[in-house]
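Consider the two complexes below, in which subunit A is the common component and subunit B and subunit C are the respective partners.
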Partner chain A sequence: MNVRSQIAMVFHLDKCIGCHTCSIACKNIWTDRKGAEYMWWNNVETKPGTGYPTKWENQEIYKGGWEKNGDTVSLKGTGKFKGLKNIFHNPYMPVLDDYYEPWTYKYQDLFTAPEGDDQPTARPVSLVTGETIEVKSGPNWDDDMGGSPDFARQDVNLEKLSPAEREAMFQLERMTFHYLPRICNHCLNPACVASCPSGALYKRGEDGVVLINQERCRAWRMCVTACPYKKSYYNWHTGKSEKCVLCYPRLESGQAPACFHSCVGRIRYLGVLLYDADKIERIASATDENLVEAQLEIYLDPFDPEVIKQAALNGIAMSTIEAAQKSPVYKFLKVWKLALPLHPEFRTLPNLFYVPALLPGMANVQNGIYNTTSKSLWHGIDATRLPIKYLASLFSAGNTDKIVEVLKRLMAVRMHRRGETVGDLSKEEISAAMHEINLNGKTADEIFRLTSLATFDERFVIPPAHREESIEMLENTADVKGNTGFGFKERPARGL
Partner chain B sequence: MLNQLLFIALPYVALATFLVGSIYRYLYKGFKVSSLSSQFLEGRTLFFGSQPFHWGLFFLFFGHLIAFLFPSTLIAWNGHTVRLLIIECASFAFGISALWGLLALVTRRLTNKRVQMVTNKMDVVVYLVLFIQIVSGLCVAYFNRWGSNWFAAFLTPYLRSIFVFDPQIDAISTVNSVWLKIHVVSAFSIIAIIPFTRFVHFLVYPVDYLWRSYQQVIWNWDRRSIRTSRAHSYGKKSLNN
Partner chain C sequence: MFMKGKSIIKTISIFSLFVATIQLPLAAQNGEATFKQSCGVCHSIGKGKLVGPDLKDVNKRRSEEWILKFVKGSQAFIKSGDADAKAIFDEYGGMVMPDQNLSDDAIKSVIAYVAEQSGGAVSASVAEATPSQTETKDTANLADLILKGRLYFEGNTAFKNGGASCISCHNVNYKDMIAGGVLAKDLTNCYARLGGDAGISGLLSSPPFPAMTQAFKNNPLTQDEIKALSAFLQDVDNPQAPQTAGMNPLLIGGLIGFMILFGLILLVWNKRKIRSVKSDYHGRQIKTIN
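And then the complex of A and B:
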């Protein structure tokens, strides 16, 4: 057993209202710079939809992530041979137009336009070339377009459905969508790290945050291809790749990352998971159906005395182990089994887990008759608006049983709470639902509490980095005494 | 006098500038050592420029290196006319490939507004010297044929004499090929400007990727050995806060 500590995350999709506050918080802190305007380390997508960059999930186009290769895994589009062969031109790299051309407006024109019969307008100008452009797409261009032909119907996950199922999904009465906020997953088996020829990317041992060393990045741009989530971005101005840093300076000082902190729907949870690094290769090469179950196995029980002993032997601080015991992520993921990884079939072992949206069925049309009747207050989960197969394509590598299991749990909690607060559901119905998935009232109440009422400190359990020393994780403080704290040590100009 | 300037002074100035400049840049301007890829702004025509250009240069570079390091082997290998012919034709083809690629890259920069936004003055210098270098090389190959034979017998001694600090320039200064002289001078100019241009990118070619392990985990605490406190855990020193 080789115990390591990882900061992991849970996003509760039922609570996401799609307001993009997280994206803006991140943009203001990290990517509001030349060359980074187009980057959204945190972005919110509408599903079904094509996402950002367009069709990022389609690895036939972008060749990201790992492929199962017998008992091990190999990189799909990069790696020692493929990477060095394609170093002069990377055939699978997304370009600016796959994201969008960033723009601003000529606001000054509003003030300086000569007097005339028309209202002055502020025309959009490209932030790359400075020329006026016609804006054709943006980072959330598919916002709320759950039924649209251009976006929703181009969703890669629909490939798993039969044409009839697909059509049913887009019936007007059933049409639906949910939001999918995404950041870097700070994976256990990061494809970006493995793909970097210069070794500029690395995983921080202390907390598992995946970072790019800006001084070692040489713009071979393999990480952009390798990350199947397209969360490593190339800064066209500095000639360096950049990615989500999980606000590590904030984490080190005990604060939640900006996107977590600002989240209006309070959908985000963050905490420590202990995992066994010896198992990474074996688990990354599990068969598709077993991937979710196998990944759960890698995370260790922080209450197990043996785990605690091994963790301490590996130099993990007691304060971190205590944080792992209080981790909301551990509860959602391992104890309650409510959270699932996004696209586990990319085999990077992501550390961001999603509680899928419940999306109860509302109505269907039979023989031209609009039918809203249901036996109970809510439809059973077999009649969910989004087909189970679709959700399985997103969250369980196609294993529908996993999705059904999670949705049943979510539904049972909801029924239990309805029983407690309103009391219009029959006792038998509730206990049948609870019994089916072995849930007792106490646990259901705990789930409810952490889902709906949890305070900041319950949602974000950040292990102390011992603030007085945290900067020393990065530099020898004596060396930089008297230097400024922020900004570039060297101006980020291209060339000399 | 001019010969001494071009074939003795220039090489030494170039090599010294290259050495000092590159080391300085690597150590103190580390952030700026990058291939400065512009593929993100324009990907399609880059393929038709960058690939033929780099692969052409790649093979030519090793060709020159072999002739420099193992001249007698090369001459022996060229003993058969067929082999000589193959080498000559292949080298010429790689030269054409590099020239084609370079022209495609220049055209791309001239025609694509986005790429122009990331073009700096040194890029123009780079294109210029590369153009001279490749064209003069092709001219030598065409007008002074069978270079793979006489290079080893004639240029290698000169280059070696530079490296052993005993420059012998008689052969090179009396040769009656302007193209060859241009080729040598521009080669040393390229070496001289390496530290000031994007040329630095081939100095950091990531060969070590071949033998390093795929995953990299770095413990900041441990590496810097800053921490001595044992207060937070029993067992060994805290790797994790």
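And then the complex of A and C:
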């Protein structure tokens, strides 16, 4: 057993309102620079939709992620030979149009325009060329376009559906959408790290954050192709690639990353998971239908004395192990089994998990009356507006059982709380639902609490970074004692 | 006083005459050395045109000031708008005379030498001016010589003293020979331009062009090598020689290889991402600005 610690995340999609506050918080802190304007380290997509960059999920276009290769995995687009073959011209890279051409407006024209018959307008100008442009698309151009032919119907996940299922999905009564906020998954088996010819990418030992060393990056851009989530971006101004850093300077000082901190719907949870690094290769090469189950297996029980002992042997601080025991991510993922990874079939073992949205059941309106197709509003699992197959394509590599299980759990918690607070559901109905998935009232209450009422400290359990100790590895802090602190910029008139 | 003054003038004039008689041969002597070193390669005195014009009686045709200007910087002089200088430059096919780094005195001494020679060398036979015509060449040996020259030119045979092969800077259009350098003048027609064997061998034994002077300063060509090169250049200049530039196997091979390469690129990378994934709907968007 080779125990390591990893900062992992859960996004509760039922709570996401698609406000993009997370994206703006991230943009203001990290990517509001020349060459980085088009990057959205955090973005919010509408599903069904094509996403950002457009159709990023289609690895036949972008060749990202890993492929199962017997008992191991190999990179789909790059790697030793394929990478060498394409090292000077990588043919699968997204172009700027696949993202969008960033722009601003000539706001000054509003003030300086000469008097005329028409209102002055602020024309859009490209942030790349500085020229006036025709805005063709933006990073969330498919926002709320849940039934549109150009976006929703081009969703890559629809390929798993039969034409009839696809058509049914876009009937007026069934049309629906939900949001999917995305950041870097800080994967356990990161394809970007594996693809880099310069060795510029690395996974931090202490918390598993995947970073690009800006000194070593030589702009091969293999990581841009290799990352199946397209979360590594090339900065055309600096000639280096950049990606989400999980706000590690904030993490080190005990603050949640900016997108987590600013989340209006409080959908985000962050905590430590302990995992067994020896199992990565075996689990990454599991068969598609077992991928989700296998990935859960790699995360270890932080209460197990053997795990604690091995973790301590690997140099994991006791404070980190304690944080892992309090981790909300561990609860959602392992204890309650409510969270699922996004596109596990990319085989990168992502560390960002999603609680799928419990979408409304099918219904139609007749004579102004809302009729559900199921017996009651609470039995809509089998008739969700989005086909289970569609959700399975997103979160479980096609394993529909997993999706049904999670949705049933979510529904059981709701029924339980409805029974507690409103009391209009029969006891038999609730206990049947709870019994089906082995959920007791106490656990359901805990799920409810962490979902709806959790405080900052419950949602973000950040292990101490022990910076006071780490600096002692580099220098003797006693040497500079008295050299910093309170002083004078100018010599005072009296004194000294 | 008057007498005294007259005698002083007499003394001075006698003295100056004396100095002049001493000085003239001295200047002419220096002039001879300078002429041989710097001018003789391209110019003759009364023996006809070589690379440049025959300098016989040049002191009578041109003023001293004109000659000084031309020798020191012919191009600048031509650009300054002198019609005579331009006429000469055009007459010799735009062949640039290298600027000579000589003092005014040295040039004057050369003029003096030319003046002296112009008087005495009238009898020099005109026939001597084109020795290549009188020279008979063994045709069997000639083919060998041309081949040898070609090998020297292309650098397949190294020059004995280690000089750079001609092709590194010069080009000639000759049969299937690959194209040479473009750093210096094209030599295809140089044999006629430079006045045959005499011009070529004179030029090669002490090259007057600054770059060539530097290149062959420490590793001059031998007489054998010059002879071979001269024969080769004559053959190059021969308009009867079959010009096979159109059938150059290198060019055709290159073209075929190029097409095969591009075909392969199309095949190997036929699944590459060519267009933006958004081009479908970008194309349908209505433009609001022209």
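The working rule: the second predicted complex is superposed on the first by the 452 of 496 C-alpha atoms of A that agree within 3 Å, B and C clash if a C-alpha of one lies under 4 Å from a C-alpha of the other, contacts with A are read in each partner's own complex, and residues count from 1 in each chain.
Note that a contact is a pair of C-beta atoms (placed from the backbone, for glycine too) under 8 Å apart; a residue touches a chain by one contact, two chains touch by 3 or more.
Just so it is clear, the structure is predicted and the values come from calculations on it, not from any experiment.
When both complexes are overlaid on subunit A, subunit B and subunit C end up clashing with each other.
After overlaying the two complexes on the shared chain, residue contacts for A:453 are found with neither subunit B nor subunit C. After overlaying the two complexes on the shared chain, residue contacts for A:137 are found with subunit C alone; subunit B is out of touch.
In the superposed model, A:207 lies in contact with subunit B only, and not with subunit C. Once chain A of one complex is fitted onto chain A of the other, the partner contacts of A:150 are limited to subunit C, with no touch recorded for subunit B. Of the two partner chains, subunit B is the only one that A:234 touches; subunit C does not reach it.
Counting the residues of subunit A touched by each of subunit B and subunit C gives the higher count for B. After overlaying the two complexes on the shared chain, residue contacts for A:172 are found with neither subunit B nor subunit C.
Of the two partner chains, subunit C is the only one touched by A:55; subunit B is not. Contact with both subunit B and subunit C is seen for A:91 once the two complexes are overlaid on the shared chain. In the three-chain superposition, subunit B clashes with subunit C only at 165-173, the remaining stretches of 111-119, 165-173 or 201-209 being clear.
When the two complexes are superposed on chain A, the residues of subunit A that touch both subunit B and subunit C are 91, 93, 95. Within the complex, the subunit B residues that touch subunit A are 29-43, 46-47, 50-51, 53-55, 113-114, 116-118, 120, 122-123, 196-198, 201, 204, 206, 208-210, 212, 214-222, 224, 226-227, 232-241.
On the side of subunit C, the complex with subunit A involves touching residues 269, 272-273, 276-282, 285, 287-289.
Those residues of subunit A that touch subunit C in the complex are listed here as 50, 53-55, 61-62, 91-93, 95, 97-98, 123, 132, 134, 136-137, 150.
Of all residues in subunit A, those touching subunit B in their complex are 4-5, 75, 79-80, 83-84, 88-91, 93, 95-96, 128-131, 189-190, 193-194, 196-199, 201-207, 214-221, 224, 234, 236-240, 280, 312-320, 463-466, 469-470, 472-474, 476, 488-490, 492-496.
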